[in-house]
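Take a look at the structures listed below.
Both complexes below contain subunit A, partnered by subunit B and then by subunit C.
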Partner chain A sequence: MAAGPVVKKIMDTYKGKVRLIIKNYPYKYRDYSHIAAEASLAAADQGKYWEMHNLLLKNSPKLDRESLVTYAKELGLDLKIFTAAIDSKKHAAEIERDKKLAFDRDLYNTPTYFINGRKVVGNRSYEYLKQIIEEELKSAKK
Partner chain B sequence: MRLLAAVSLVILTAFSAVYAAEKKRYSIPPENSPALGLQSAPVTIIEFLDFQ
Partner chain C sequence: MRRNSRRTERLRLRFRLRKIVSSPISTLVFFLTLALTLPCLSFAGHLEPFKSVPIPKNNSQTPEKIELGKKLFFDRRLSGDGTMSCATCHVPEQGYADGQDISQSYPTTRNWRNSQTLYNVGMYKSLFHDGRVKTLEEQALFPMMSAFEMNQNLDFVEEEIRVVPEYLEAFKKVFGGEPTRERIAMAIAAFERTIVSLNAPYDKYLKGDVNALSGDAKKGLDIFKGKGKCIECHHGPNLSDDKYYALNVPENLALADDPRVTATMRFVAKVYHYPNYRDLKEDPGRYLITKKQGDWKAFRTPTVREVSRTGPYMHNGVFASLDEVIEFFNSGGGKGNRYLKPLGLSADEKKELKAFLVDALSGEELKITYPDVP
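The block that comes next holds the complex of A and B.
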């Protein structure tokens, strides 16, 4: 399973017990990382962050501008507002802020997870993440 | 035999280093980043991702 389905399974299994927060860490040298991050946050402006998040993961690496607009259309977003946001890089400051968090912590790979602050680098199996979550739930009860 | 012992030691050291790193807790401000799940949830996963 890729990152998306594994995390989704965790969220479904541990409903109410796990909170997921997304930070964007687009690498400079990849073509569509930044614009895809912009698209996700532009969708968030219209209340469809997770829907767009899932579409982007599903269709990656097909993340050129035209494809992003197609996904926005599929989600029923206001396309004028959406394209204005991605073209003006409306959320650049937010994305740069996330990148700085990553740089400062010397992150060199995506995805990187912090589970109650404990770092897990790279794609992991459901069982691997589950084990850490179980440990954290156990210590939370103490 | 000595080589085997040396190799085992290296593997063991590498393994415990990975494990120790994972026990360390980093502080990441959630800020206004997209979030799913209850704010009161006992476990928080912060994921740094690249859609591409």
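The block that comes next holds the complex of A and C.
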């Protein structure tokens, strides 16, 4: 069970009620985790974050540069802009900032969710997250 | 005449029966027969309140040792990549389990079993779902070494702990010497023995406070002891008989076709010398340890103390809620199992049983002060 589809379903269910902020946490001992994070953000620049996210998960651990370019092509991205972004590490500062945030908050496991400040570590089912969101929405109304 | 002879025969029979029942040897035979016909029901099938966790003679509890164990329990140095501590899978706020169907795994790998609660873990006679070790001191090192849990090298972790001055000092104070893997495990075990379910309404009730349980919970307790037959395996102060049963729990479909789980299953089977470990399609449970056919897919009876805080349930976390667990037992367990039969509980009875499990078996909140890991 990957986090992406569950999160996407939550966002569809609670359209307009829940805001999603994604932070990157490339695993330090994986060769391609940083470039994969770059690729997802480069795809986001062209409005295809989730599509790239899904392809990365589907094809992991085949995440070398050449493979990433293939995925970008598959998604119909502008390859010139995409390759320039991953080669120049366009989003490196953003990724490093996210890593520091995780370190400062003593977070080491992916995925880790914060739902209105409530910490949930590890993959969870749609029902599990839904219950927390319902509780938070209820208390927000009070 | 005939009526008289029948009456005489009946009287003779009644006399013989009275004689049999009053004879101590035959009473013993009767109870032994009963115990043999009901595999779960031992003589210890009784309920008693929690008193204390047994402390082994070779690992006495001291406040300093418990504090050291707590620090180690929360220390990520115990994992190979520094991302996992014992608390990653035994989270205080998640009932000392991790709230997931399958336990949190070492990065890039996937576990295959549910993380068990540590509540009252010091009361078990064996540990892990398959009971592969008998003491907490033995248990603590297993996840550290496990490739899909903490993936640490024990020689290396000893050195990692030895280079931390605060740890050196603490080990010297507690054990009179420097950190070793055995002492690390002893300290963690000492901390784990403090994780107990305290003052649950159920304990108060057994001690004589008749008002400790709500009406529904009282009815639930009667079902627990009677029609629900829960007591046959969940008895004694820890509400576990420490035995193993193959209840044929359904497979967790979330694990199906995940090559990481296949790798984990094959790895564990290989370690336990299962001959055709690459052909394995399901978790063999206790069989991996004993190689006895009767232990195929058998798992140890868990405690039901704090059960409402420690889901998902069963060795593979296949049931997310207590309702699903009750339904599983009510319908006679998994297909082909030889221990359970349908219980025929009504909707109200299921509700009352759940009220007992939730309300009566939840103790006071166990407050924890998080340690400053050096």
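Heads up, the rule we're going with is that the second predicted complex is superposed on the first by the 141 of 142 C-alpha atoms of A that agree within 3 Å, B and C clash if a C-alpha of one lies under 4 Å from a C-alpha of the other, contacts with A are read in each partner's own complex, and residues count from 1 in each chain.
In the analysis below, contacts are C-beta pairs under 8 Å (C-beta built on N, C-alpha and C of every residue); 3 or more make two chains touch, one makes a residue touch a chain.
Note that the structure is a prediction, hence the values are computed from the model and not measured.
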A:Leu63 contacts which: subunit B (first), subunit C (second), both, neither?
first
Given the touch rule stated above, what does A:Arg30 touch, subunit B (first), subunit C (second), both, or neither?
both
Just subunit B (first), just subunit C (second), both, or neither: which does A:Tyr108 touch?
second
Does subunit A have more residues touched by subunit B or by subunit C?
B
For A:Asn116, select first, second, both or neither according to whether it touches subunit B, subunit C, the two together, or no partner.
first
With the two structures laid over each other on chain A, which partner does A:Tyr126 touch: subunit B (first), subunit C (second), both, or neither?
neither
So, does A:Ile22 touch the first partner subunit B, the second partner subunit C, both, or neither?
first
Identify the residues of subunit A that lie in both the subunit B contact region and the subunit C contact region.
27, 30, 61, 110, 120
Quick one: in the complex, what on subunit C touches subunit A?
76, 81-84, 88, 91, 98-101, 104, 107-108, 254, 320
Touching residues of subunit A toward subunit C in the complex: what are they?
1, 27-30, 61, 108-110, 120-125, 127-128
In the complex with subunit A, residue positions of subunit B that touch it:
21-39, 41-52
Could you please specify the touching residues of subunit A with respect to subunit B in the complex?
3, 7, 10-11, 14-27, 30-33, 36-37, 40-41, 44, 49-50, 53, 56-57, 60-61, 63, 94, 97-98, 101-102, 105, 107, 110-120, 132-133, 136-137, 140
